[in-house]
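Next come two complexes built around subunit A: one with subunit B, the other with subunit C.
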Partner chain A sequence: MLIQIAWRNLLASPINLIIGGLILAGTFLFVVVGGLLDSLNDAMARSVVGSVAGHIQLYSSKSKDELALYGGMGGDQDLSAVTEFPRIKQTLEQLDNVKEVVPMGSSGALITAGNIVDVTLERLRNLYKAREGQLDDPRLRDLSREELDARITATRRHVRQIIRVLEADQKKAQAILQAEAIDPEVVAAVERVSKDAFWHDFEKDTWGSLEFLENKIAPQVTDAQLMFLRYLGTDLDRFQESFDRMQIVDGTKVPKGQRGFLIAKLMYEDQMKLKNARRLDKLKDARANGRLIATDDELKRFVKENRAQTRDLVLQLDDLKTAEATKRLQGYLQSTEGDLTALLSAFFDTTDANLEDRHRFFYEQLAPLVELYRVRIGDTLTIKAFSKGGAIQAVNVRVYGTFAFTGLEKSPLAGGTSLMDLMSFRDLYGYLTADKKEELAQLQRDTGARAVNRENAEDALFGEGNTVVAEATPGIIDEDKTFTGAGRRLREDDLVKRVYTEAEINGGVVLNAAVMLKDASRLSETLATINATASAQQLEIKAVSWQQASGILGQVINFFRGVLILAVLFIFGIAMVIINNAMMMATIQRTQTIGTMRAIGAQRSLILTMVLTESGVLGMIFGGVGILLGSAAMAWLHAKGIPAPNDVAYFFFSGPRLLPELSTTNLVVALVIIFLVTLLSTLFPAVIATRISPLRAMQADE
Partner chain B sequence: MRTLILAVLFLTARSAAAMEKPELVKLLAEIDDRQRNGGDYKALVYLEQKEKDKADVVREVLVYRRDADDKLMLLFSKPKSEEGKGILRLDKNLWTYDPGTGKWDRTTERERIGGTNTRRSDFDESRLAEEFEPSFGGEEKLGKFETVLLELKVKEGFDVAYPVQKLWVDKANHNILKRQEFALSGKLARTSYYPKWQKLFSQSKNAELWFPGEIRIFDEIEKSNSTLVLFKAVDLNALDQNMFTKAWLESKSR
Partner chain C sequence: MNAIVSIRDVVKEYQLGTTVVQALRGVSLEVQKGEFLSIAGPSGSGKTTLLNLIGCVDTATRGVVEVAGKDTAKLSERELTDLRLNTIGFIFQSFNLVSVLTLFQNVEFPLLLQRKLGAKERRDKVMQLLEQVGLHTHAKHRPSELSGGQRQRVAVARALVTDPLLVLADEPTANLDSTTGNQIIDLMKTLNQQKGTTFIFSTHDHKVMQHANAVIRLADGKVLERVSAREAVEHALSLGEAPQAEARA
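Right, the complex of A and B next:
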């Protein structure tokens, strides 16, 4: 009966529709946005856990900063080295839910490959050194004298072609610049090396000729590019087993236990590929996504840059390849233009109509003549980085291939870090072992220099009692006695081929480690167990969840969740005020009815239950509709998927599309919220209604 | 008495004002010339870098100079991990070499040497008159020493680590006692002290060669960092003719 009364009253007042609408909107919002955020959280967890963090991260408890895998507010964090990794790994892998502990350490380096002339001259120098038996390079070792001669001839031709390009540049500069703006020394240098006589006599003083080119000609070309390379040093075998989304794209994985480098595919494409080719790829991708060169400013810029910046390409070609490229372009463009730069500029004038065909022509006809990537698979990459102590350390690593994480191929966050073996990482990190520390301390003791503070330096150095001038005794410095041969270059081949045991890989310092769990749903419990074990066994490590280890990135979802809660609170807060006022008005309007009901024997509890039931039915009907609409919207979104709007969103969506899932928890929470909101907002009017006396109802009638 | 004070003040002011540009250029040239050797030069140098919360960086490096040809080479000898690393100046090119990788890299004047706060110019022949325009900054007392303060600005076309410098030059014997180096923005980067100057008779120059026995560099950006440079020995015997080449430096670690 009460429900019938409630239903009749619900339909009687239009204000109920407004109240119901608010409840519906709030519930819909909560179900849909809450579901989206949950799905985003899950997707991001898959991205972070599956690409670098694992479920839990470990780092030294002595570290000054907190671990932030994707960088903190102040750049790289200051993490102390974990020196007892084998004991930590052994202890934690015995815990119930721990599947694997993978050692890590990350850092970054600026790679300066030099300009195209530097690179070509270095190649020529190495070829001559190999011919003289001064270089034991595994890539050149098996070549016969004739093969080396042939390579030397080809490389010399390439250098001469570069000089021709420089000479042409110089002539153009002389035509447009004032005489004083041109350095006569540079003009003379280019003139000297462009003559046949220089090349005829080249091998009379090979090293002198090379140094002339390196010091006088190479600085004239300013195309050297700086590449920032972020890398993660890890046990590559364990990493690939534990992070199963990682896939080799080009080349092979690093052989088990060996040194090596895997470049993140996205980084390889963005930073190491010939810029003209990369822009053509981007134009093609954009066209496939429906963007038009004719109307899109970014695509117009790509075309403009491709037309203007052809120098990298031109300088890569020797005379034979220049002639071949010119011939092919003349044929394609139906042109009689003889200048390759002009032909390339015309070729790169791509439009929506010709892009597809020019992209095909470029890869079929021009790409085979050039090096598309600055670093090729199989090359040795020299990485120079600042060590822990601030000095520069360098290592040579062989590039075995490129890799990407499935679904995150376009994500700059997942595709911005390359992988390096842990032994090379440690060489770059420059951790001071006890032996090295003692060597430095001995050097300091032998020198016996006194310490001088900045504050009193002037008094200490120039105050009374100090004399500045002294007669020196001539010294005899015999460097042959000074050098022990410790700096002898380690044979690249030995390092490349050496297979390190698991004990050697785990044995040195690491900066952090990823813990993979058997059951990810028990993360919090396992985290607490690891921290308790670390404390009890004095492992001097701190364990944090993947979310905490992600730094600011891990807090993004929490931020949006906070915004959602505030929005829902705001909507339901307004709903509560409106429901309260509406119910008060409705109660006053129904004074006579309620008075009459009281007069014929209705108890106060009946009146209270009646009013609460009315608002309960209102809430449940409109809230229910909100939940149903929200569920339908989620089902639609799940079926259709939300495409990632940009490359950054790939990471948050864990792939090209987010497929939101309806969360049961959100439905239950939505129902609880509706119940509480309607109860709280109706309670006061309901109590007022119970206080209406029959006498007052009759007086109101009179 | 009053007359005497006025006379002293007048003379002091006159002497301060008397340092006109030609005199300043002459002073710079003299500073350069005293440190320039006619023939070859080799020094064994100790470097020590102190930074807050970090282990000290300690190095020993051999410095080779052939001032007549503007050539310079640094070759690290200690610790073992640094042995064979080198820096070579050829014309306007500054090269670094690492025997661990066998690679030569072009570098800049701003590159720190061996992880310390030193630059190429701290070891090279002094070229103040060639590279800088001086102006007179007054006279100051530095401890017990009377000094002339010179303000220097780099001339157009020269690539130096610090384009603006202040020099406190000992009035008595024209040695630099203190140097402050500034970025182009005017921000002070380093303050260096030269508390020991040593002289050695050079046969090739047929005159005395001066060199700083000790340089103390205080980092003005990271205030807790400082560097000590000690010239442990200087050898003026002739060097190999082909020494300032990439091939020679490579051969030391082959």
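Right, the complex of A and C next:
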């Protein structure tokens, strides 16, 4: 009966529709947005946990900064080293829910990939040096005299081809620019080296000729590139086991226990690939996603850049390859144009119609003539660190391959960090391992602790096929003083081939460590256990959840959650005020009815129940519809999936699509919210209603 | 003792701003079981006030009000409510039906409050009363679909459905034309005779008054006299009250 009274009262007043609408909107919003955020949180958890962080991160409790895996507010964090990693690993892995503790340390290096002229000249210089027996490079060591001669000839041809390109450039410039704008010295220099005579007499003064090329010609090509390489030093074997989303894309994994480097595939593509090829790929991708070159400004820009920036490609080709490329392009484009730059520019004028075919032609016919990547799989990457003391620490690591995390292939956040073995990482930071110390001592005895000067070090760093020098950001711990005496032999292949035992890998310092759990749902419990164990056993580490460890990134979800809560509070706040007012009005209107009920024997409690039932019914009906609609919307979204709007979103979506999942917790919370809102907003009018005197029955309604 | 209502030296004062209005100035009265009693008097004489005190919806400033043998001053709010529910039936000047309920539900309402009868018994009882007031065919209608007289019959049915000892009606005919008003009084009288229920009603109307066994004449907050209906009507006519009452109706 009360419900019937409530129901009929509700039907009688149109304002209830407005209130209901508000409750409905609030509930719907809460269910859908809350569900989305939860799903986003889950997806992000999968991304963060599965790519770098693990469930829990450990770092030294003495650190000044908090750990922020994806970068904090102000640059690099100041983390202290964790010195007792083996004990920590052993202790924690005995804990009930801990599956694995993976050691880590991350840093970044600025890679100064010299421009193609520098690199080619450097190569030529090294070949000459090797022939004179002045250079002991592992890659050139075993070549015969004839092989060296052949390589020198080929490299010289390449340099001459480069000069031809420069000469053509200069002619073009002369046609366009006014005379004053052109440096006559440069013109003279280019003219000199383009003559056969220069090359004929080249070896009369090999070093002088090389120097002339290096000083006068190389500076004309200024498109050297700086790349920032972020890397994570870790126990590669454990890492690969624990982060099972990690997949090798090109090459192989680093052999067990060995030093090695794995480049993040996205980084490899974005930064190390020949720009023209990369842009062609991106155009193809965009077309596959339904974007049109004809209408899309970004794609138009790609085409324009591809047409204008062919230098990288042209300079890579020696005379024979230039002729071959010219021939192939003439055939493909049905053109008689003889200039490769012009042909390439025509070729790269891709449209929606011809892109597919040109992409194919590029990879089938042109790509084999050039190096598509600045760093090839199998190359040795030299990464240099200048320590606080100014000394160079450099390590050679072999690039075994590239990797990506399944589902996160396109995410710059997941794909921005490359992987390095822990031994090399420690070397760069100046953390000395036992064998390295031994080796250093030996070296010092051999060389008489000759200090390495920068120039010599760089000489040593360029080797055949190795075009990249990376400078690591300064190590945060002062290197062992003995390291200043490191000779170049340290960086050579003996170390590259060494196999380290598990104990050696774990045996040094690390900056942080990832803890993988058996049961992720018990994260907070295990986190507490770890912290308790750590302080009980004086492990001097701090454990934080992946959310905390991911720095700003971890806050993003919390931020959105905050916004949602505010929005829901706002809507329900308004709903509460309106419900309150409406119920007050309804109560006043019904004074006589309520008075009558009281007069004929209804207790106050009944009046209270009646009014509360009324808004309860209202809340349940509209809240229920809100929940149903919300659930339906979620089911629809789940079936359809939300495509990631951009590359960054891949990380948050943990893949190309977010498949939102509705959690029962959300539904329960929604119900509780509706319940509270209706109860709170009706309580006051309901109490007022109980105060209505039965005397009011006798008075006519106003 | 057959007195259902016993009132002794009751004073009721209202605070109106700074002045105190005495609505009743020492009223004493006994109503016997089965009476069909009318309270008459000019406007402002205190009829409504007196009925409210008897109906336990208001309390006296001084004096004793006993209803069904209970001193109402000694009962709690909750107990007064129960007394109203179980002992007293109310008929209001403006009918006071719950507009969102059907006639059936309106009549059933007090039974639901009582929680004494099961659904079937309630149904029988409600239908029996609706039949007595001649509206059993309209059980599913809403009050808004009825005329004033019909509504007041439903109110009568509601007042009697709990078999109260006493039914109070403050000017039950004031909102009805005289024919309809008479029909209502006839209905009440019939029920009074059939069931022996005590009725107390107030009125200005001498036509209404003449149905009563006795009339209590109030003036200025005091009981003037208790007279027979005939005497009361004659008195009223002599005072020229009738035209005024007619005009009101």
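The working rule: the second predicted complex is superposed on the first by the 563 of 702 C-alpha atoms of A that agree within 3 Å, B and C clash if a C-alpha of one lies under 4 Å from a C-alpha of the other, contacts with A are read in each partner's own complex, and residues count from 1 in each chain.
Rule of thumb we're sticking to: contacts are C-beta pairs under 8 Å (C-beta built on N, C-alpha and C of every residue); 3 or more make two chains touch, one makes a residue touch a chain.
Fair warning: this is a prediction, and the values are worked out from it, not measured in the lab.
Q: Under the stated touch criterion, which partner chain does A:197 make contact with: subunit B (first), subunit C (second), both, or neither?
A: neither
Q: Quick check on the superposed pair: does A:175 touch subunit B, subunit C, both, or neither? Answer first, second, both or neither.
A: Touch partners of A:175: none, neither subunit B nor subunit C.
Q: For A:592, using the defined touch cut-off, is the partner it touches subunit B, subunit C, both, or neither? Pick first, second, both or neither.
A: Touch partner of A:592: subunit C, not subunit B.
Q: Once the shared chain is lined up, is A:693 touching subunit B (first), subunit C (second), both, or neither of them?
A: The second partner, subunit C, only.
Q: So in the superposed three-chain picture, is A:503 touching just subunit B, just subunit C, both, or none of them (first/second/both/neither)?
A: Neither subunit B nor subunit C is touched by A:503.
Q: Residues of subunit A touched: more by subunit B or subunit C?
A: The larger set of subunit A residues in touch belongs to B.
Q: Who does A:603 touch here: subunit B (first), subunit C (second), both, or neither?
A: Second partner only, subunit C.
Q: For A:395 in the superposed arrangement: first (subunit B), second (subunit C), both or neither?
A: It touches subunit B, and subunit C stays clear.
Q: By the touch definition above, which subunit A residues appear in both interfaces, subunit B in one complex and subunit C in the other?
A: No residue of subunit A touches both subunit B and subunit C.
Q: Which residues of subunit B touch subunit A once you look at their complex with the stated criterion?
A: Contact set of subunit B toward subunit A: 42-44, 46, 48-49, 51, 53-58, 60, 62, 75-85, 90-93, 98-106, 114-115, 142-145, 170, 173, 175, 177-178, 193-200, 211, 213, 216, 218, 223, 226, 228, 230, 232-237, 245-247, 250, 252-254.
Q: Which subunit C residues qualify as touching subunit A in the complex?
A: 48, 52, 55, 57-58, 77-78, 81-82, 84-86, 89-90, 92-94, 96, 98-101, 105, 108-110, 112-114, 158-159, 170
Q: So in the complex, which bits of subunit A are touching subunit B?
A: 64, 112, 114, 118, 122, 125, 134-135, 207-208, 211, 214-216, 218-219, 224, 382, 384, 386-392, 394-396, 432, 436-437, 439-440, 443-444, 447, 449, 452, 454, 457-459, 461-464, 466, 468-477, 479, 482-490, 492
Q: Across the complex, what residues on subunit A touch subunit C?
A: 1, 4-5, 8-9, 12, 592-593, 596-604, 606, 693-695, 697-698, 700-701
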